[in-house]
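Below you'll find the structure, written out as structure tokens, and then a few comments.
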Amino acid sequence: MMAAVSDSLAQPVDLREPSGWRRSKNQIMTVLMWLAFVIVLIPLGFVLVTLIAKGADAISWQFLTNSTIPPNVLPLGTGGMGAAVVGTLEITGFATLLAVPLGVLGAVYLNEYGGNGILARLISFMSSVMTGVPSIVMGLFIYIIWVLHFGYSGMAGSFALACLMLPIVIRSSYEMLRLVPDSLRQGSYALGATKARVTLTVVLPAALSGIVSGALLAVARAAGETAPLIFTVLTVEQTNPNLFSGPDTALPLQIFSNAQSAYTGANARAWGAALTLVAITFILMIVARIITALFTRNTR
Amino acid sequence: MPLGRRQHVTTVAVAAVAAALGLAACSSSSSSSTTGSGSATTSASASASTSSVSGTIKAAGSTFQTNFQQTAISAFKSADPNVTVDYDPVGSGTGRADLYANTVLFAGSDSPVPSKEVSKVPAGKTILYFPVQIGPIAMAYNLPNVTGLKLDATVLAGIFQGTIKTWDDPAIKALNPGTSLPSTTITLAVRSDSSGTTQNFSQYLVDAAGSAWKLGTSSTITWPSTAHAGDGGSAVAQIVKSTTGAIGYVDFSTATAAGLQAAQIKNSAGDYVAPSSASATAAASHVTPKADLTFAAADEPGATSYPITYQSWDLVYSVQPNATDVALLKAYLGYLLSSAGQALLTPLNLSPLPSSIDSAAVAQLSMITS
Amino acid sequence: MSAVTKADPATPAGSAHPLNRRRPLGDRGFQILALAAGLLVLVILVLITVTTAQQSTAWFSGGFKDIFQVAFDGNTRFGAMGVLYGTVISSVIGVIIGVPVSVGIALLLTQVVPARWARPFVYVIDLLAVVPSVVWGLWGIIVLVPWLQKIYVDIASGLKGVPVLGTLFGGPNVTGASFFTAGLILAIMITPIITSLSREVIATVPDIDKEGAYALGATRWEMIRGAVWPHSQGGVVGAILVGFGRALGETIAVALVIGDSVEVTPHLFYSGHSIAAIIALQFGEATGGEFRSALIGLGLFLFVLTIVVNLVARWFVERSTRRARGE
């Protein structure tokens, strides 16, 4: 430090500028940080480009809607992934119906009723921890308590996905509910409303856009999950319209099994299914962002 | 605080999304199913149209039969919707073991019951052999700039026992004068499970390469330690596909569907023949089966015959415990042997049975009794 | 009525009776419903532990020697060590590769890029997060594995005979589908979560400390080291642990690119296996009682492992953000 000071006294000095090596070190570090971002762009770009190029070859109206999944060995052109598309929509849809109301209610408990109590803090902490539970464990869990007794079904898959979504919805809804200013609640209480009424008619609507976008992100995540479905849904080659009984299939499962095949036809179908799946999750993500962007002003 | 306009819009949006998901959940798929628009067409005039039969057939075995079984099962559903067939491609050895343990109704096997397994067959039970398909074993290789590779039995013996280690070995070069071969190390892709393809391939090497082949013949061979082993034919195809410089033995149907190149092999007439449905059919036309319908289609004479051709049977006990199983077996095996069933083979790059063998097999169906 | 104590606004004013007796039934019902929904989290976690333990007793009763062996062949040997090794090694590789990138991006987005330009960068990270695991696996096995196979072979032959590196990155059986490839894909997949958690943590560093550092003439990097890092190191460690936990449990992408052989080997370019991958791949073939029990037991083991890692991780993260918020 002293050397730097005496050095700088020797000539007209601009004390705002750091000396040689300190500036280079700073620049190097800045370059490295930018490099980190660029590094991440490479695989992302690679995957998206390959996905679009190879997936586009496979996608056609027949591919998306034909209800018979052909044997692996057959090339593109026969059958399609309609069974898997319907399966994904049904299974994920039902899982959403289960997880979102329960998750929002759980967040309501944490924010409105639980306060700083030990139970609320425990539930809040364990919800965060639960988001890190591997999805395969959820699949095994539902296999043991449901499939072993009632058989494979799309609904069992929905249960497993709902277990996965629940902590995510709780945490994101909790964050949104916290942002609702207390003044809104107190104004409502002042008018004589009960706590339930306040929550349902004032707090939830105020936090609605944030809750919805959080829920959509949870749905996007669930739609892409494979492992929970392996143990609960099995597989089929024809569309199973009944969500509540009989094995089913979904896009991630088809991608998984076709990816392991050496056949070019199966691989092509895998890319097509992958592009379809990413498109679905992408749309959900964009809708979530739009809702957030349009309505953020409201929560201040 | 009354709902503002923004909340109204959000609520409507939420309702719309929920309605869409709910609609999807409630509606059943009403799209028409086109089973086979081009390659695997089926005619509903299957000779065994016993639509009064219903039940499930559990079967397992040869991975060589996988493509045929999958396509046939799919087509059979339209001919006989009340019968469900489950074929598990676990390899010929495990398939036979399942048959001895009575956990399957028929086993797919590329070779007859070997002598060391005869004691495992339950006492008093006779096994009937129903040949179902014929096809080439392809020597699939992964060399991006080399097409039309030619090999013969002696060179194959050297490659697969590890004495020929690189692609530019003089022995390979001698057979391929006009082609430039890289110095890449040869990576072997082999079967790790008990396999009929291994059995037939090694038997071919014993017959055609003689003393040059030192590893014998069996459904499991002790390959050189550097070989990459895969469970099932498609695993071998996967290894070849993802490793430059790899060569593996895998049935031609799987190899082509995986997009792999196959080498031309020198046959007993001295000609280099590429594997194909036609060259396997040519080989099969010279086959004379034994009375129990077993035969070996390898190394057959004929200028256009592919030398490493093999076959596969569905093994069934002649006496079944109940009449339903008899009916199910006759229905499904009858379909595989019918003209509709056999017509599925050529588009899969396999070969149908010669008509004499096919008729003998159909006649043998009557020997299944309860 | 005392104006100082913060009375629960739901209590009707002037009521002398405790809350429960004065509230309408619907209100009470709603509270119970909300409580039940919250408790569901704890109930599910407990049920998972109990049910998987019940189903895996056949495996546990095999004795320690059986459980702690390396080999797992689905026939007679059901050891956990081989698959545990694969899980840990691939996750460690994922963290080693992913953490510098994730923390670098987090610093970039909080310290370098001005706040109003940060959004497109965040979108890119979100895009990375939204690609499903199975798609990473598909791309991995079809595109990455064959390409890496050639690179690994070249590296291995180049490092032949070199003492430590030769063992790690060499060996005759190097193959594209290996521990290292799995680690690479894991690095890509855990980057978004580590980045977003680190951003949260770093954002809570008080501005006054940062401005103080600048006032003393620090460059940006020196400010980061001196003002940001001391505040956020605990939280960033927590973020890294969350990422590690995510990597431990990642199933499908790893199953597709780690190869298919259970072994403990220092060669990182060799085929391996992981706990989650073996459960996913072998479950369909597990018809025997002990086989299935072993797979479920491995699932329980993975569950406990990830819970522990996440407990520690979340504790670090919440402690850091709470402290910085001044709670």
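Labels for the chains are A, B and C, by order of writing; each one numbers its residues from 1.
To be clear about the criterion, contacts are C-beta pairs under 8 Å (C-beta built on N, C-alpha and C of every residue); 3 or more make two chains touch, one makes a residue touch a chain.
In this text, all values refer to a predicted model and were calculated from it rather than measured experimentally.
Chain centres here are means of the Cα atoms, and by that rule the chain farthest away from subunit C is B. Counting C-beta pairs in contact across B-C and across A-C gives the higher total for A-C.
Chain geometry summary: the mean Cα position of subunit B and that of subunit C are 41 Å apart.
Subunit A and subunit C have Cα centroids lying 15 Å from one another.
For subunit C, the set of residues touching two or more other chains is empty. Taken residue by residue, subunit B touches two or more other chains at 241, whereas all remaining positions touch fewer. Subunit A has residues 260 in contact with two or more other chains. On the subunit A side of its complex with subunit C, the touching residues are 15-16, 18, 22-23, 25-26, 29-30, 32-37, 39-41, 43-44, 46-48, 50-51, 102-103, 105-106, 108-110, 112-114, 119-120, 122-123, 125-130, 132-138, 140-141, 144-145, 163, 166-167, 170, 185-186, 189-190, 192, 194-200, 220-221, 223-227, 230-231, 252, 255-256, 259-260, 267, 270-271, 274, 277-278, 281-282, 285, 289. Looking at the complex, you find that subunit B touches subunit A at residues 1, 3-4, 6-7, 10-11, 13-14, 17, 21-22, 24-25, 27-29, 31, 33-40, 66-67, 70-71, 74, 234-235, 237-238, 241, 253-254, 257-259, 348. Contact residues on subunit B toward subunit C in their complex (touch as defined above): 226, 228, 231, 241-244. Within the complex, the subunit A residues that touch subunit B are 62, 65-68, 70-75, 77-79, 82-83, 86, 89-90, 92-94, 96-97, 184, 187-188, 202, 205-206, 208-209, 212, 216, 237-239, 241-243, 260-265, 287, 291, 294-295, 298. Every residue of subunit C that touches subunit A in the complex is listed here, in rising order: 9-10, 12, 23-24, 26-27, 29-31, 33-42, 44-45, 47-48, 51-52, 54-55, 100-105, 107-108, 112, 121, 123-128, 130-139, 141-143, 188, 191, 217, 219-222, 224, 242, 245-246, 248-252, 256, 276, 279-280, 283-284, 296, 299, 302-303, 306-307, 309-311, 313-314, 318.
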